[in-house]
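Each chain carries a letter (A, B, C, D, E and F) given by its place in the written order, and its residues are counted from 1.
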Amino acid sequence: MSTLTHFDTHGQAHMVDVADKPATRRVAVATGRIAMQPATLALIRQGNATKGDVLGIARIAAIQAAKKTSELIPLCHPLALTRVAVEFALPGEDESAAWVDCTVTAETIGPTGVEMEALTAVQVGLLTIYDMCKAADRGMVMTDVRLLEKRGGKSGDYLAGGSSG
Amino acid sequence: MSTLTHFDTHGQAHMVDVADKPATRRVAVATGRIAMQPATLALIRQGNATKGDVLGIARIAAIQAAKKTSELIPLCHPLALTRVAVEFALPGEDESAAWVDCTVTAETIGPTGVEMEALTAVQVGLLTIYDMCKAADRGMVMTDVRLLEKRGGKSGDYLAGGSSG
Amino acid sequence: MSTLTHFDTHGQAHMVDVADKPATRRVAVATGRIAMQPATLALIRQGNATKGDVLGIARIAAIQAAKKTSELIPLCHPLALTRVAVEFALPGEDESAAWVDCTVTAETIGPTGVEMEALTAVQVGLLTIYDMCKAADRGMVMTDVRLLEKRGGKSGDYLAGGSSG
Amino acid sequence: MSTLTHFDTHGQAHMVDVADKPATRRVAVATGRIAMQPATLALIRQGNATKGDVLGIARIAAIQAAKKTSELIPLCHPLALTRVAVEFALPGEDESAAWVDCTVTAETIGPTGVEMEALTAVQVGLLTIYDMCKAADRGMVMTDVRLLEKRGGKSGDYLAGGSSG
Amino acid sequence: MSTLTHFDTHGQAHMVDVADKPATRRVAVATGRIAMQPATLALIRQGNATKGDVLGIARIAAIQAAKKTSELIPLCHPLALTRVAVEFALPGEDESAAWVDCTVTAETIGPTGVEMEALTAVQVGLLTIYDMCKAADRGMVMTDVRLLEKRGGKSGDYLAGGSSG
Amino acid sequence: MSTLTHFDTHGQAHMVDVADKPATRRVAVATGRIAMQPATLALIRQGNATKGDVLGIARIAAIQAAKKTSELIPLCHPLALTRVAVEFALPGEDESAAWVDCTVTAETIGPTGVEMEALTAVQVGLLTIYDMCKAADRGMVMTDVRLLEKRGGKSGDYLAGGSSG
């Protein structure tokens, strides 16, 4: 039966022993969305094209947040990321929906996975978009933040499927 | 017309001048949800009641993250929080849906609002729940992260309305 | 004769070269005590049993502090911890003495030892207990913080003995 | 009856609301000792006089740690220190006991006290001495870390007295 | 006669007491230059115009570094910046010299100046340009980093003049 | 033709993939100068000889900054430094010029170079000297910060030569 590995047999939190796990190449991909008013998306598009680069700043914030994951998440192991890449996707200009999707790929060579690094980067990327646009639109909603894919490591690969992720 | 205040008239990002804004009491409330398998929620409930306290650890992570907001969000002003409170809500035991809601109230006395502090705390609280339960359920989804309420400051109070926030 | 390795031959501090030391498994165990009024210990016991979990929060603070060691101690090498575990011990309920002992085990695979990580975690664990109980008892004293054991590395194993540690 | 103010009425940890407390001048003095072999103390004395300045480095580490207190102690409020001073005391050269005492004074103008800042600085000052001398003496013991004095604030002044404080 | 205020009368470093200094509006402007090969500057110009925005990323790094000043400079007081603005200047396209100038304005309302915040932001802005262009040009030189102007505070205003400042 | 490797083919910043690069021993040496009034240098010399050790404090700040490089420079990979050494050089007592040179050697075993760590340490070392002497001399100028040498890694060794550094 499933149990929570971050607790020992007495129910006390610990940073799990990973010394005996082999150092393998680990990849994780996570994604999330921020939904907004069409007028807000128009401001982002405009800035992206000419000046006031919201997404460029959110990308840097996301990359830096990936490096801070083990400071933020109490039981995460510190690890040396070997790659972080951040992609943003926007709806087509003729679509009525208004959102930005943020997808982050994180990689390391080590004994633990990098899901938390990818997810943390997504969250901080979305938060930065919120921060930069909030004067125009306080009602933005961050949603559907989830792991898409995980490769490397003993527990096997994971690929999100179906509608719920 | 609305513009993005984090950019100057040349479209260059800056940390906005707030020296002339009065120091008033500011409150922000943000919320978000992590959806999961019923078996995962059962593990959290069990831990909460007896041992392996997922939510207690997520609460601490959320409070500490609120204090790190200006490190994470590039154009946020540093500020001295005067209060951070974190609440978790779970569905009734007879409901079929499985989720945890995290709601954070942040306060300061200063020239800028604390929305980003409340939202950052919610995100890191949810991420910590994900981290602690991910060995059992990689498909958890963080969703509906948004500002509920904001009080204090020149731009007036904000209260999220309707279903979308 | 013994010398202080953190200084070069001119007496200038440096972060010692460890590139030629082999990466081996390193373990360190450190411990310390906080002495308090019996009424304070009663509050901690009560919280631990039902609500207001002082020791659970101190455990998280200790684990996170272990990860911050190289930021706090100027000449410490940064390293990737592979395990951190924190144990608290209390006197029997019939004893008149009132204290909490905090014992931390830290591990890594690398060229340097993890004594400082274990000791830093103990100190911050005790400081967190102090912080959470200080409204009730400002006279608590943190005492007897020392290395119990060290394994791995060229300088040989160390096991504290006798009364002085 | 005494209770633990870092918990709300449901026993959940929070960062206590201090918005209504007046900003007054706060002072805290804390102290602690590291006991060692006489030969280790001789190394420190020698370095202090000519080169290899253990105490100068420990002083800087203590000051920087005071500024990191709210990152280390989960429920501490962030605050702007207005002063940090660190003193070291050594036994007379003719005494047989071998130790270094570290005493820190911290000050701020604000709604909360600075006991934790002073205590954290003491602990990190002692840890840095341990780190710099550990190649010569692993059995050093940090002891008697406590608050000496606290001034300013509603709860009144505190002055450690008698044998327990 | 001039003395170094960061030391007490015994020559020991301390964080100077500023509790009695009035909180006034403080402004500091600092600047610095990175000199490079013309081909490197061409890459930066190109990126700035179309994609690969070196200066946009350096601006964000500079702003975030300003917020980290008291962590980096041991005896700096922590302070709440109210404004940080970063400007880059490049030679005219017909000039043969190849460089980027970075000028930072930092502001706060408080008892201490913000020169170190402005200077630290300049240095990290220049370092980020170096990092992003180093694959093309390792011989870049950072030069002429200095305070241009300082306003507010008891010691009077400062305006760099002549050849040395 | 040279390009900026920190951008992908779409001109978007990323933390470059280094997983396939071999872990080799990397060394980097960087240097820089702070020019000052002769009276300021006299204060530093005096402090260095007897008390008020400006350079000892700047050395510690430089070493700690090397460890923070990947937090400060957005696209830097985190890495585990195996050595950091900081040297200061002063003009002969009979020279009329007044300056301090700071030279830092950084080393690691890993897939990426340590130039940024060495340069960041130099910059923060110089900034700390500025901070400690600024009450006596606001016109100090930090200059000529550059990479002297780089060894290890696929791109070959680098040795600064000629007039451009």
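By our rule, contacts are C-beta pairs under 8 Å (C-beta built on N, C-alpha and C of every residue); 3 or more make two chains touch, one makes a residue touch a chain.
Protein identities per chain, from UniProt: A, B, C, D, E, F = Cyclic pyranopterin monophosphate synthase.
Please read all numbers here as calculations on a predicted model, not as lab measurements.
K.L.:
Going by the average position of its CA atoms, which chain sits the greatest distance from chain D?
P.N.:
That would be chain A.
K.L.:
Give the label of the chain whose average Cα location is farthest from that of chain E.
P.N.:
It is C whose centre lies farthest from that of chain E.
K.L.:
Applying the document's contact definition, name the chain pair with more C-beta pairs in contact, B-D or B-C.
P.N.:
Of B-D and B-C, it is B-D that has more C-beta pairs in contact.
K.L.:
Quick one: report the Å distance separating chain D from chain F, using the average Cα coordinate of each chain.
P.N.:
Here chain D and chain F have centroids separated by 32 Å.
K.L.:
So, what's the distance in Å between the C-alpha centres of chain F and chain E?
P.N.:
Measuring from centre to centre gives 16 Å for this pair.
K.L.:
Two or more other chains touching the same residue: where does that happen in chain B?
P.N.:
12-13, 53, 56-57, 60-61, 64, 68, 71, 74-75, 80
K.L.:
Can you give me every chain pair that touches, using the contact definition above?
P.N.:
The set of touching chain pairs is A-B, A-C, A-E, A-F, B-C, B-D, B-E, C-D, C-F, D-E, D-F, E-F.
K.L.:
If we count contacts the way the header does, which residues on chain F are in touch with chain C in the complex?
P.N.:
Result: residues 25, 56, 59-60, 63-64, 66-68, 80-87, 107-109 of chain F touch chain C.
K.L.:
Give the list of chain B residues in touch with chain A in this complex.
P.N.:
Touch residues, chain B against chain A: 2-7, 10-13, 32, 35, 39-40, 43, 47, 50-54, 57, 60-61, 64-65, 68, 71-76, 115-116, 119-120, 123-124, 126-128, 130-147, 150, 155, 158, 160, 164-165.
K.L.:
Quick check on the complex: what are the chain D residues that touch chain B?
P.N.:
Answer in residue numbers: 8, 12-19, 70-71, 74-75, 77-80, 110-111.
K.L.:
Using the touch definition up top, name the residues of chain D that touch chain F in the complex.
P.N.:
Listed in rising order, the residues are 53, 56-57, 60-61, 64.
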